[in-house]
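Note that the chains take the letters A, B and C in the order they are written out, and that residue 1 is the start of every chain.
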Amino acid sequence: MASATATEKGAGRSALNMVLFYVFLVIFVFMSVFPLLWVFKMSIVTKTELYATPPTFLPQNISGAEWAQVLGDSTFQKALINSSIIAGVTTVICLFFGSIAAYAISRLRFRFKGTVMTLILAISFFPAVAIIAPLFIQYTQLGIIDTYASVIITDTVFALPLTIWLLVAFFRELPVDLEDAARVDGATTIQAFRKVIVPLAAPGVFTTAILTFIYAWNEFLFANTFLFDENTQPVTVVIPNFATIYTVDYGAQAAASVIVTVPLVILVLIFQRRIVSGLTAGAVKG
Amino acid sequence: MTERNDGSGVRAGRRINRRDFLKMSGAGLAGAALLGASGCGGGGGGSGNIVFSMGPDDPNKSFTKLIDKFNKQHKGEFQVVHREMPTDTGLYFDKLRTEFQAGGGEIDVIGGDVIWPIQFAAQGWVQDLSDNFPASEQNKFLPAPIAASTYEGAIYAVPWFEDAGLLYSRSDLLEQAGYSAPPETWDELKEMALKTSQDTGTKYGFLFQGRNYEGGVCNALEYIRTHGGDVLSDVTSGKVIIDSPEAAAGLETYRSMITSGAAPQAVSNYTETEGDPLFENGDSVFFREWPGVYGDLGSGDFKVKQEQVSVSPIPVDPGNQSSSTLGGWTFMINAQTDMPDEAWEFVKFMSSYESFKFRAIEGGYISARQAILDDPEVQKAIPTVKLAKDVLLDYATSRPVTQFYGDMSLEMQSQFNDALTGDVTPQQAVETLQKNLTTIMKQAD
Amino acid sequence: MTTASTEKKGRGWFKEEFGNPERRAAYYMVLPSLLIIMVVAFFPILYGIVLSLTDSTVTAFGSFVGLENYTEMFQDPDFRVGLFNTVIFTVASVTLEFVIGLAIALAVNRAFRGRGLVRAAILVPWAFPTVISAVMWRLMFQPGIGIFQYLAETIGLVSGPVLSDPALLLIAATLIDVWKTTPFMALLLLAGLQVIPGEVYEAARVDGANVWQRFFRITLPLLKGAILVAVLFRTLDAYRVYDLFWAFGARELQSLSTYVYEGVRISQLQFGPGNAAAVFIFVTAFLIALFFIKVLGMQTSAEE
């Protein structure tokens, strides 16, 4: 806290503090954002400028060729679709099972609640890499290797702790007698639920959905292990291979990276308040 | 926490299912649809069709056109369907291996990398083609890929098109520096690379693929073999003989490319992708790569033209023969296919003289049939084919291919790269390889 | 509340628990999630332990070989490199992230203009898929086109490509992880800071406590819970590192997890040691978590 003393020395120090503080902030923001900006620059310059030494700081020869190539590349398009499907379905399944479980944990009484929560929490400590071999064998036997199902099932398991944790925190915020109050006013249970609980819980569920979606979108290990071809592989698997397998240049890889990240960044920026409160609510209150 | 003895809590609890019920149905339907749709992985097999698996076709669609021709000829009997596989051979191999492990798959004919037939044959996954492909026919093909497709006396693949390592030189730059011909020995290469890059102001002297991946193995083997060493006493079996003074000397030369300054340290991280644009942009005097690069010169953004480049065999250590690592593709037939005769019809067609000639002219592919390489029309279409033929006939050797080549390759990738970067000495590298490869070979018994 | 830790789904006290309709409903509601978790996570690890004691391959279940795979694993130089890299990486990245994150959290713990911008800056690196950020950083270290490779060489920090040197790769990977995760650490710590009432500081200042005393006697103790949670999660995350090493190092940078992956998915003969390593990671991660909870006294949020 800046000291609130009224002496001149204090005021001077306070002004200096403020300046330092803002300088520090600028540096911090710059360092966080710089890599994204630089890779963006890499994606919009011509090949010759890309390979120029020393590297140019401001783009001089701008070319949309890389972006056009990437956006038109069928592998990339399929990868975007695959990512969307995998992340989307995982989110829906997690929300469904997670919200039921979270409701029970946050608003109902039962013995062994602690055990249940511990087990669910334990998954977030679980080293997923430890089970890729057994799962690979089982999924092969089930015939779902190289299909969405293998990754969706596995992602769901590892996203559930996050989903449940967040939803528990959100549900706990709802006033305890909400359902009762509504019913006292003459609403049936269903109406109470729909008109009272749902609107209040919606922001929490929505935030949870976003965070779960981001988690599933960013997942790499399982996608890399269980999926083999472009009809199923999401962007996290396809893009590292971009420079050596699907195309032959770094400009395209840069463009693909930016294309994939920008929507996430926009999403995060728009919903930053919610996201931050969601993440910290879980940490502090949970 | 509220006591809910009136049961309302229970109902409220159950009621949440309402909203989520819709979600669940959606998820369930989506899930079922996905499971169903993607479960068979885009197959097209089943009765009446031959499934041919291969990576994507080239921009000229050369083999697609051949498939169309074949299908026209066999209209009403059976058709061939191309099932597109990953471009990356590693991924493609993984996919095939997983399908075979799961019980056979629907693929009938496999377009596979030249190092696969033996690995698949050892597991019994591909068919013995000896009856349809006798020695008299085999002789019409280049010997190296035939050897790489033979396992325990039987042949398991029909060679398709071939690659071999070549040395590319910027003849215009060499002339400037006072040289009239490409180097024939490694020492000459180093000397010429250093002097030419200095005289002409070219950024790099020599580029090649040194990363710890399959291509790195191909590169390093060329050094080992041109010094008189080798990995196995026989390309597909035999004893591990890598621990020899010759092999160590080969790796010594490999490392010296960097220590002498002829090649930048970065080559220890290069695959074809990193080096291609650099050479094609004019940044290097010499380049080791596959024959396909020649066709790329002068196209696109890049500056170097074909007239400026000459191609020659891989240099040697004096007193030894040149050696190029063999690359390329072959045809195999799934041992579990239920249409073996039809599958062979297709393979026979695709490996016929006409089909090979078509692909050579259309796509620039170097076919495995020897006669093709002498055909004047083909020679006109592919300027490097004369040289490629000599190299393929005389100098091309396959990588050592055994049942566990995958693991052997991993060992070699790692040790060769370590020797290149100087993390281990060449002597240590060959000793470690001797030990580890012997262990792997033992498992094959 | 009885400690029923040995019975997962409460088979005892049957009538009391399952006779009550409300309680029964609660169990039904948590059952699907628990079931999925059991089937997809816990049973496979048991299967994995069994596998690690046999000489199985991906296709065939083998015969019992005792601890042979483990001996092979410990003797494998690749494993030792992976273990070394992972431990160094974990200690270094968590320490740096904690210290820098705490500094940021303390500095930002007040109202100021531009707070939204800072919050956004915090979240941007976090939102990247780890793999994509690794790819981006690899691009920036790529010889010939990479800005950071160029800068490092010009300053004289390195003499060759960072991507070719195992030690430099590890250092770079650590710094990338710090870049990506410090903001998130700062966020968690900030949330913990904001729970501390301002009056506590006022009272301390009135009593004559200086900045350092306030920090060590008030802030740290009150922040302990949040610190332990953040550090434990980060430690386990770092210990499990795979995406970053795989995509940034392109198989040149080994961690425990990449060792497992190479063993079970890439090679054909290293399946046994790969599985042994998988079990090794699981057991050690469990021990780390146990250490934090029991020894350091971290509260798991399950208790109410």
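Here is the rule we use: a residue touches a chain if its C-beta (ideal position, glycine included) is under 8 Å from a C-beta of that chain, and two chains touch if they have at least 3 such contacts.
Values in this document were obtained by computation on a predicted structure and should not be read as measured data.
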| item | value |
| --- | --- |
| Two chains joined by the most C-beta pairs in contact, as defined above | A-C |
| Centroid-based (C-alpha) most distant chain relative to subunit C | B |
| Rounded Å distance between subunit A and subunit B, as computed from the means of their C-alpha atoms | 37 |
| Subunit A and subunit C: spacing of chain centres that average the CA atoms, whole Å | 16 |
| Subunit B residues counted as touching two or more neighbouring chains | 4, 9, 13, 94, 101, 278 |
| For subunit A, residues contacting two or more additional chains | 51, 100, 103-104, 108-109, 140 |
| For subunit C, residues contacting two or more additional chains | 22, 25-26, 29, 58, 142, 144, 265 |
| Of subunit B, residues touching subunit C in the complex | 4-5, 7, 9-10, 13-14, 94, 101, 211-213, 264-266, 268-269, 274, 278, 404, 406-407, 410, 417, 421, 423, 440, 443 |
| Partner subunit C, residues of subunit A touching it in the complex | 1-2, 21-22, 24-25, 28-29, 31-33, 35-36, 38-39, 42, 50-51, 53-55, 97-98, 100-101, 103-105, 108-138, 140, 153-154, 156-158, 160, 164-165, 214, 217-221, 224-225, 235-237, 239-240, 242, 250, 253-254, 257, 260-261, 264-265, 267-269, 272-273, 275-276, 279-280, 283-284, 286 |
| In the complex with subunit B, residue positions of subunit A that touch it | 46-48, 51, 85, 89, 92-93, 95-96, 99-100, 103-104, 107-109, 140-141, 143-149, 152, 176-177, 179-180, 183, 189-190, 192-194, 197-198, 228-232, 241, 243-246, 248-249 |
| In the complex, subunit C residues that touch subunit A | 1-2, 4-5, 7-10, 13, 16-17, 22-23, 25-27, 29-30, 32-34, 36-37, 40-41, 44-45, 47-48, 51, 58, 104, 107-108, 110, 112, 114, 116-137, 139-140, 142, 144-147, 150, 154, 179, 183, 187-188, 190-192, 195, 198, 201, 226, 229-230, 233, 236, 239-240, 242-243, 246-247, 256-257, 260-261, 264-265, 271, 274-275, 278-279, 281-282, 285-286, 289, 300-304 |
| Contact footprint of subunit B on subunit C as seen in their complex | 21-22, 25-26, 29, 58-59, 142-144, 160-161, 163-166, 250-252, 262, 265-270 |
